[in-house]
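Paired with chain B in one complex and with chain C in the other, chain A is shared by the two complexes that follow.
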Partner chain A sequence: MVDVTDKAKKYRDVAYYPGCALEGTGNGYDVSTRAIAKELDLKLTDVKDWNCCGAMEVKNIDPKIQTYLSARVLSQAVNVNKQDVVMAPCNGCYHNLKKAEYDLAHDPKSQEVVANLSSKSGHKNYEAGQAETIHALDWLKATVGEEGLRKRTKGKLAGLKVANYYGCMYVRPRHIFPEKDKGPGSESTSKPHFMDDLLAAAGAENVEFPLKTACCGGAHTLSDSDTSTKLVLNILQAAEASGADVIATECPTCHSGLEMHQVRAEKRFGKKTNVKVMYFTQILGLALGIGPRKLGIHTNISDGMELITEKRLLP
Partner chain B sequence: MINISATPIADVTAGSPLTTRFDVIETRIDDIFESGGGVAVKVAAAELLSLGEKVLELWLEARDEKPTLEQKEGFRLLALHRQGARGEPSFNACRETCRELVYHYNLIATEQTSAEAQRQLRLMTMVAKHLCLFVGGKMQVAGLGDFCCAAKPMRADGN
Partner chain C sequence: MPIHEKSLIRPENIKTKENLIVEGIDVSGHWSTFIESRAVTDYNEELQEEIGALPGGEFIHRCWQCGSCTNACTVHAIEPRFNPRYWIYLIRMGYESELVRDKDIIWQCVSCNKCTYACPRDVVPEGVMKATAHWLELKGYTEKSPSTIFDEEFSRQIIARGKIEDTEVLHKFLHKTKQPLMQDWLVTIGRNIAMRLPVKWGLKMMWAQVFKPKTKDWAKSRKAIEDYIIEQDAHHRHALKLDAPKSKATAHQPKLHAAE
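Our next item is the complex of A and B:
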């Protein structure tokens, strides 16, 4: 069992690591996450002078450098912010910070490289266990939770059919997420459900969606765009076949991929899909009575305004 | 759980060069999808399961491994996935896809109403297609980073 009370208190004031994507194409995710925090009176303090987590690019050239880059973010949170919980909404950042934590706990070579580079860069070393990395889903699940959302939203999302799409990095590889699969209250790596739980608490109807952890083809986007487009088209068609009005996302790479390849699928393959794509924080924000513009919905490529109006989700 | 002893299904890729076998499988999956209510649902579900096995066989053969004939939890597909992920953890990214394929097969096998079975079949075709696209894409960039599927071209260039 997970100690829900401790987490509810601990996660109310966290170091916030938006990462590069949320300052660019994933801006709507950043804006809506901050808007929700404000509405729910949760404190987010940006990690001071944060850097890239190493993403995929650095990791593929030198995994140890990626470990260092992620470790520096954690060091900044611990030593500069003086905080011991880092919340990363981006799946790539979340994955990499968790991976760095795992490597630093288990691999002496990683410890050595990170200590050396930290020393050369003139900042304090980060050691495994000094901070806890959580996802935006962990953050909201523990703080406001389903009960809190039920009270605050009064079922505002009723009538909205949602396909919850987690993507592949939120739960994989399993060994870097030791807190998952711990029974009631914890997240599942094979059948993740935190997003389903939160949106259902706000009144949404979660549809049966078989591709919720399937790869979006994000890594193929530049090297093989057609494969990415086909993977995304298949996900979009599956969501529509499941009866979804909207796909809820929690990863900026997946989100951008779904939106951009939805457009490309029509141009390249003549396959049009109408399902909308929104960050789960945008949907929860609507449920909390926040206006679409304050949630950055106008910055999405997928135009959800008609759906928002039809489902009476305007404040 | 349904124990499978499906009638052997013709290998749609037989005679095709390796490079086009994924296209052949994808086309067959699309045909099943497009046929809508025009197919015997349980037969189509068995074929989709078989196509999933074929996808994993291609992955294994490309790695110079002999595809297992064993079953895991009553399904060869799951045994093939386990074999394919051995020494290649990133292949676990399609583990749930394989399990979804089996899940939908079971739903269709036990479904009593034809409308619901048809709906499940549509979803199953998309799951099968995802497996085909994902593994096909992975084959193109075989070599792989520790997670990212697109790592190979960068490292192959020595950049």
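Our next item is the complex of A and C:
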């Protein structure tokens, strides 16, 4: 068992790895994460001169290059930032850093390729165990926690029905997340609940949503759009059937996939859905009394302003 | 729909005749349907080794054919012909021509990793799908799939600069796959957000087009990765007994070295 109070202290000051998506299409996630950190007095220091983690694309060219790219990010955090906890809100980044950590701990070939590429690139090699990668959910769960949110938000989200959508890369494949599935208090890979816990603490009503870890087809958003639209439509319709007002997301690829294919499903298949899509950090931000513009909600494709006014979520 | 392991009877092999005379005897009405016989003679005994030599395919030999992968598969649920277990079976048996029949859908794997999660033998079926798609392209059975074109454009930017720029990925991908940028759904999305976005954002996006996001001191990493890719490509071709590429940029070598 990890000491909970130890984590609560340790995670208050972490290296922050936004990644490419949070500087582009997923900007609302970045803005809202930083706004929450400021509100809760948590310190985020950007990983100095970071690079892309390899996303989902580089591994299809060569998985070892993806391992190298992620290892370089960890090396920057350890050797330049001098920090040993890296917080990555993007599921893709989080997944890749975890995967690199696993491969570098277990696969000699990966160690060799990464050491070789690091030396040619002129930076220090990253070795497994030097840093810990956490998700924004782990970060908030350990620092402010459910009790903290309960006190601060006074149940502000009461009446808001949320479908919590975790996606693929936060839970699969399970072997790269050794800290999950460890019983009470830990995250589950088959039925994740950290997002549910945090939003419930802020007063939201989490609906029974069966597609928490279904795939949105994000890898082929553009290259096989019809498949993506069908997968997204499943998720949107299931959320509506569950009675949700909004789908809470924790991944910029899922988030833009849901938003873009919600429009595409209407245009191409004539299937209109009205459920809104917001990053869970945007919803928590509202609960903490931060204004929607400061959380980047106006930059989402799915226009949630009416819902926010209706549910009295303005500060 | 049931999955038939060996679809011995295929629609194109069924011959139906209205009037038929066999050796001078009119058998019309009695024998109207025949099935053309078919024999598989072109086994590729190296097929499993070839797929196993490509990234992702390393653990294909572990498969027990339990079917957990297909059962868990996201794509199988909307396209029943997408069947990882069956393809792994074909590869392990060396049925190259059978495998090639599905060449146009194998690339559609969405990498959700449900198969890898479900597999009791750690075959990593997701990796096998990618290796197989890669193999089809290297062998010249298919053109580069839209997915490969996307991956290559994405990776090219990362290798060149350390980071990607979203609008450049979208724009270059649509251009390379000959799709218009002004598709109805993209236009609607653009119009919806443009009405709400602050002016600052528009300027920021234009700025990113001119001064693309870059990682500081990236040149050495770029060179190291490019050299590694060329080296790996040679390994893969050797494993598939293909000729070494004559020039740096042959049709199927990843196009990652375009001038920036």
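Points worth noting:
We take it that the second predicted complex is superposed on the first by the 313 of 315 C-alpha atoms of A that agree within 3 Å, B and C clash if a C-alpha of one lies under 4 Å from a C-alpha of the other, contacts with A are read in each partner's own complex, and residues count from 1 in each chain.
Criterion: a contact is a pair of C-beta atoms (placed from the backbone, for glycine too) under 8 Å apart; a residue touches a chain by one contact, two chains touch by 3 or more.
Predicted model only: the values in this text are computed from it and were never measured.
The superposition on chain A brings chain B into a clash with chain C. By the document's definition of touching, of the two partners only chain B reaches A:A238; chain C does not. Counting the residues of chain A touched by each of chain B and chain C gives the higher count for C.
In the superposed model, A:L69 lies in contact with chain C only, and not with chain B. With both structures placed on the common chain, the touch criterion links A:T309 to neither chain B nor chain C.
In the superposition on chain A, A:K120 contacts chain C only, with no contact to chain B.
Applying the stated contact rule after C-alpha superposition, one finds that A:G24 touches chain C and leaves chain B untouched. Legend: residue contacts after superposition of the two complexes on their common chain; A:D224 is shown touching both chain B and chain C. By the document's definition of touching, neither partner reaches A:S188: not chain B, not chain C. Within the superposed three-chain model, A:G54 lies in touch with chain C and out of touch with chain B [touch as defined at top].
Contacts of A:N274 after superposition on the shared chain: neither chain B nor chain C is touched. Once both structures are laid onto chain A, the chain B stretch out of 26-34, 44-52, 80-88 or 98-106 that overlaps chain C is 80-88.
Comparing which residues of chain A touch chain B with which touch chain C, the overlap comprises 56-57, 59-61, 63, 168-169, 172-174, 214-215, 217, 219-220, 222-224, 227, 230-231. By the touch rule above, chain A contacts chain C in their complex via residues 20-21, 23-25, 49-52, 54-65, 68-69, 72, 113, 116-117, 120-122, 168-169, 171-174, 189, 214-215, 217-220, 222-224, 227, 230-231, 259-260, 263-264, 267-268, 298-299, 301, 303. Taken in their complex, chain B has these residues touching chain A: 89, 92-97, 99-100, 103-104, 119, 122-124, 126-127, 129-130, 133-134, 136-137, 140-141, 145-151, 153-155, 159.
Those residues of chain C that touch chain A in the shared complex are 55-56, 74-75, 78-79, 108, 110-114, 116-117, 124, 127, 130, 134, 145-152, 154-155, 158, 162-167, 170, 173-174, 177, 184-185, 188-189, 192-193, 196-198, 201, 208, 213, 215-218, 220-221, 223-225, 227-229, 232, 254, 256.
Listing the residues of chain A that touch chain B in their complex gives 56-57, 59-61, 63, 95, 168-169, 172-174, 190-191, 208, 210-211, 213-215, 217, 219-224, 227, 230-231, 234-235, 237-238, 241-242.
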